[in-house]
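Heads up, the next two complexes both have chain A, just with different partners, chain B and then chain C.
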Partner chain A sequence: MRFERREHRSTLLVIATPILAVIAALAIAGLLIAAAGAPVFEAYWKILTSAFGSRLSATETLTRASPLILTGLAAAVAFRARLWNIGGEGQFYLGAIAAAAASAHLFAGLPSLLQIPLLFIVGAFAGMVLLLVPLWLRLRFSVDEVVTTLLLNFVALLFVSMLIDGVLKDPAAFGWPQSEAVDAAARLPKLLARSRLHIGLGIAVVIAFLIYFVQTRTVFGVQSRAAGLNPSGAVFAGVPLGRTLVIVAMISGGLAGLAGTIEVLGVKGYVTTDLSPGYGYSGIVVAMLANLNPLGVVLAALFTATMFVGADGMSRSMGIPTYIADVTVALSLLSMLVAVFFTQYRIRR
Partner chain B sequence: MTDTVLDIRNVSKRFGDNLANDDISLSLAKGEIVALLGENGAGKTTLMSILFGHYVPDTGSVSVMRQMLPPGKPRAAIRAGVGMVHQHFSLAPNLTVLENVMTGTESLWSLGSNVSAGRKKLIEISQRFGLKVDPDARLGDLSVGEQQRVEILKALYNDARILVLDEPTAVLTKLEAETLFSTLKDMARQGLSLIFISHKLDEVMATADRIVVLRGGKLVAERNVGETSKAELAELMVGRKVTRPVREASTPGEIVLEAAGITVRSGGVDRLKSVDFRLRAGEVLGIIGVSGNGQAVLAQLLSGTIGRSAGDLVLFGKGAGDLTVADAVSSGIGRIPEDRNRDGAIGEMAIWENAVLERLPEFSKAGLVDRKAGIAFATKIISAFDVRGGSPTSRIRLLSGGNMQKLILGRNLIEHPRILLAAQPARGLDEGAVAAVHERILEARKAGTAVLLISEDLDEVMALADRIQAIVGGRLSPSVNAEDVDARRLGLMMAGEWGGSADAV
Partner chain C sequence: MSALFDILASAGLWAAVLRIATPLILATLGALISERAGVLNLGIEGIMTFGAMVGWLAVYNGADLWVGLLVAALGGAMFGLLHSVLTVTLGLSQHVSGLGVTLFASSFAYYVFRLMVPVAGTPPTIVPFQPLDIPGLSDLPFFGPAFFTQTAPTYLAIGLAIALAYLIARTPVGLAIRMTGENPHAAEAQGLNPMAIRYGAVIFGSALMGVGGAFLTLSAFNSFFPTMVQGRGWICIALVVFASWKPERALLGAILFALFDAFQLRLQTVLSGVVPYQIFLMIPYLLSIAALAVMARRARVPQALMQPYRRGER
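Take a look at the complex of A and B:
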């Protein structure tokens, strides 16, 4: 048995790949559910109804999906250009704290229409800076950015922890380490009344389409794709490799920072160290599930959010640990990687 | 023949619509060297993969030493004494030579590894066949030629009696290739039988006892080496008369590119040392040299991908400053890179994207790529340069080497560049494609393009160039007129013996 490269990839195959991967993952996770002694189909039905069965659960799922879309895009954009940004989590937190601090101190009192865009810029900028440092190290000293971006996550989180227990600590929080609340005018408008769903979802989806457009239609998109696929070929064709990577890093870090900003302005209103249940890391999974396609990221983020919200509900009613959500998402990623492999290779005997 | 060691009988293999092998029979005697000659896609590699058990033939059989081989079992082929030296080596760069050679020879379940016995056997084989190699060197540190030696040793270590080499010289320098062929002849004298796959007529004529020509999956001819000629073989291989184009006399025009005292320093070493040359419109200047002597650096410099440390570059009568890729492209320098897969194309991108990538400013408005114009451009190249095997929107990786090279030529020549920089333009191409590439280069010369041809192929340079300079250790010899030199003189020049007798420019 051997693997042979496929000459042509049909569109059908490319579309069917993630669907088959998810089905395979659900089937394998089903074995685990069965092993835990619960009826498999009922459990999956519970996951679905817990995630979308009521107005509350549906809005909750969508609220969870919003930051995942943005962190997923952050990873997808970087990975396309072979910039391995594993630092989404740190950029997320830095974006969140920068926006919260700016709102409480710098822009307090400004009207929403002015303040919110300004905070988006500030948050995105903070995320950018955190990614530009490892990129500079890579370009200047060939330091592997996988290591630096990953480790900077902990640096960023501890830095945020220091701030919210120090200079940015909310005096009205009874000693809890949390930042001062953002200005009321900085809170994002709700998409639906009586829910946590805010306009961040719309912003994230629009950005996904924007990125798709940039990647497929613009000179920069073509150049960054070339730089990722074959750096020496790109250099020969005159693509400025360093500059392209810097722009990619600014977009990627900016998106992760924006995800943090939108989460703090849209949901909580202040920063704690549990603002993110690993959105930055899950973004990597989302990007891979989407095969780095920006529009696919939206769907992958939705799937991931569904699994997490749904598994919570399923676990409450059926007594299966919520870790089944982590397992299922992880299995989806693995089966996606296998499936992507088979879109490129076929088995020959 | 009495001493038949290998007998391939009536083998056919079909892939989809493509009949890769059509009823091929072939035998090999002890101590014989057979060359399997054919263009890319003629079915040579498929046939050898069937022999080695990588593919199962649809019909037909393979026997080694009168024993039928079970189809599709590489292990059985190895045990029967068939060794394969792949074009792309199947070695691990992070292991030592000895480890590489021993990999796969011991059971996975045995706890220890008998390294000392392995070392003894390896040294013994390497001495017997004159394949010198350090058993403890890390493979990744070896040159390509040495790595190939390890691959051969690995096959011999497995007690191969029949050795199959897939395009063994594709990755070697001329000198390494000559060493390889004398080793092969020595091995044949010691009773080994060899098959080597090639599409290079010279090496086939110089090395093989018998030549088998495949075309379109069929065995079209079998010749003993004394009874045939290069011309006949070329015709058999391509299926029609191939004539390499002939250079017509012409008078060159004004100087378009002048280099004076150019030095390129990197990593503390002078890659180019005070290089001088002049290039005129309508002439071909050949830069010849054994690879690794600075010609790649010269090509990079003129392509705009690296800068120079000293010296003047005058382009169309004006100082060229720091020549960037964008400068080169916009001022009309067509560039054919030495390694088309690494530098010339982005394999996973569409043909049209590859066609316009280096001239995106022309094919975009306000930062948006003009896809329609790009596809039209690619379509024009495909039809004008006879690129086969893909449409503008298919990935360029799907093209064969020759067709990819035609596309690269096309994207440069279709706009009639004033200068064409061609680095090893025919490397790795089959006979038909070489002729096509040469014809295009001579056409460009006739149309007034100044061509700088960098090559290590003597025949190519003598066929195309008006003037020749040799590059040795980063230095460039004075130029000589192509009419005044023969292969011997060029060989001396490539060895650094260019004396004082330079002809005037």
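Take a look at the complex of A and C:
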């Protein structure tokens, strides 16, 4: 048995790939649900109704999807240029804490229309800086950025933990380590009254379209793709490799930082060390499920959020551990990898 | 200053060093051997988590501690097989596949653990490995408590590092592994099967990662809790680079690293209240990054690392 590269990929196949991958993942996760002694179809139905069955749950799912779109875009932009930014989690937290600190101390009292954009810049900048360090290490010392970005996640989280237990600690929080609350004018407006859904969702979707435009219609989009597909070929063709990677890193780190900023301004209003249930890591899965397509990221984030919110509800009523959501999401990543492979290769005997 | 010296002169520090080093030695060797054959295994963090869980679960359900380690090895090998299928047979990106394996292995571990062990106020415990009493050596003043009060798996890990150093540098098997990692086409021309060698190295390496994780729950601690691996896997990946892909240096690197870790733990108690404890906890990660920056250029990377091998394709 051997594999042969396909000459042509039909559009149908490309569209069907993520769907088949998700179905495969759900089937395998179904075995695990069955192993736990629960009826599989009922469990999946419960996941769906817990994620979309009511106005509350539907808005909750969309609220969860917003940061996932941004961290997913962060990973997708970087991966396309073969910049392995696995540090989305750390960048998310730095973006959150930078915005919270700036709102409480620097920009307090500024009107919303001025303060919120300023905080977005501050948060994105913080995320950028955290990714530029590993990129510098790669360009200067040829250190693999996968390991450094992963290790920096732990450093960033400890740094945030230190701040909210120290200089930024909220004295009114009864001793709990949490940051001071952001200024009231910094809270993001709601998309829907009586829900947690905020304008962050709209911002994330607009950014997804922007990135789609940049990647398909600009010189930089072509350059960053070339840098990923064939770095030495790209250099030969006159692509400034270092500069392209720096810009890619700034976009990627900035998006992850912005995700943290939007989460803290839109949902909680203050930072704790459980602000993110692994949004940075899930962003990697979202990006892969979308096959690095920015518009696909929106759909993949919606699927991932559905699994997480739905599994919470299903877990309460059926006694299946919520980790089934993480298992399913990880399985979809693996099956997506395999599915993409078979869109590029066929089996020959 | 004398406080620092007191720390270094205490037998407890050195006993802690070997205890902290053991899981790092085992998992670093696992990552090292598969990288020597040309496959980066970023599944390490998840495989260690799964090994820690499944080894503990076996013992919790009445199995012998050694059986627990064996179960952890088999669990690790299972994920190694998965990683091999994805990266060797299909030739997928080793980065992405490894991360996928980590996400899957760790979430699967948490799922199984929650399913088998209901939520309780205090986590259930097992009776872990006890320090081995070595007649003569364990009673020596200072050296006894410092170096000879470890549990059996620690000695096993050190012995394994030496054995693997010999295997890789001096035996035909080691030569075949190195050749596959440097130039699989040349290995094939010599009548070797690069695919099979890569499968073997990744699966064996993953088994070691599983055992490294299980050391945490069966010897260092006595219970399992999520996120307990705490980035140790990523640190091991850095240690492989630091060790320049040599088992004997991996042993030294892990011990050196553990020395810093044990030292900062004790420094924490001395300096508590003056310096936030988070600063100390950051040190191992920052140290790994610094080690990478210093060593990355100097280290001899296996030439075919991360390059999929397809027969008849260049």
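Keep this in mind: the second predicted complex is superposed on the first by the 349 of 349 C-alpha atoms of A that agree within 3 Å, B and C clash if a C-alpha of one lies under 4 Å from a C-alpha of the other, contacts with A are read in each partner's own complex, and residues count from 1 in each chain.
We adopt the following convention: a residue touches a chain if its C-beta (ideal position, glycine included) is under 8 Å from a C-beta of that chain, and two chains touch if they have at least 3 such contacts.
Treat the numbers as computed from the prediction; the structure is a model and nothing was measured.
Specify the outcome, clash or fit, for chain B and chain C once both structures are aligned onto chain A.
These partners clash in the superposed model.
Can A:V155 be said to touch chain B (first), chain C (second), both, or neither?
So A:V155 only meets chain C here.
Counting residues of chain A in contact, which comes out ahead: chain B or chain C?
C
Once chain A of both complexes is superposed, is A:F209 in touch with chain B (first), chain C (second), both, or neither?
A:F209: touches no partner chain.
On the A-aligned overlay, A:A330 touches which partner chain: chain B = first, chain C = second, or both, or neither?
Only chain C; A:A330 stays clear of chain B.
With the two structures laid over each other on chain A, which partner does A:W176 touch: chain B (first), chain C (second), both, or neither?
neither
Of the listed stretches 45-53, 189-197 or 279-287, mark the one in chain C with C-alpha atoms clashing against chain B.
The superposed arrangement places chain C into chain B at 189-197.
Hey, what residues of chain A end up touching chain B and chain C alike?
Residues 2 of chain A touch both chain B and chain C.
Can you list the chain C residues touching chain A in their complex?
Listed in rising order, the residues are 42, 82, 86, 90, 92-93, 95-97, 99-101, 103-104, 106-108, 110-111, 114-115, 230-231, 234-235, 237-238, 241, 276, 278-279, 281-282, 285-286, 288-289, 292-293, 296-297, 310-311.
Per the contact definition, I'd like the list of chain A residues that touch chain B in the complex.
2, 7-8, 217-223, 225-226, 229-230, 232-239, 349
Any idea which chain A residues touch chain C in the complex?
So the residues of chain A touching chain C come out as 2-3, 32, 36, 79, 84, 86, 137, 141-144, 146-148, 150-155, 158-159, 161-162, 165-166, 281, 284-285, 288, 320-321, 323-324, 326-327, 329-331, 333-334, 337-338, 341.
Quick check: in the complex, which residue numbers of chain B touch chain A?
For this pair, the touching residues of chain B are 54, 56, 72, 303-305, 324-326, 329, 335, 337, 342-349, 353, 357-358, 360-361, 364, 367-369, 371, 394, 398.
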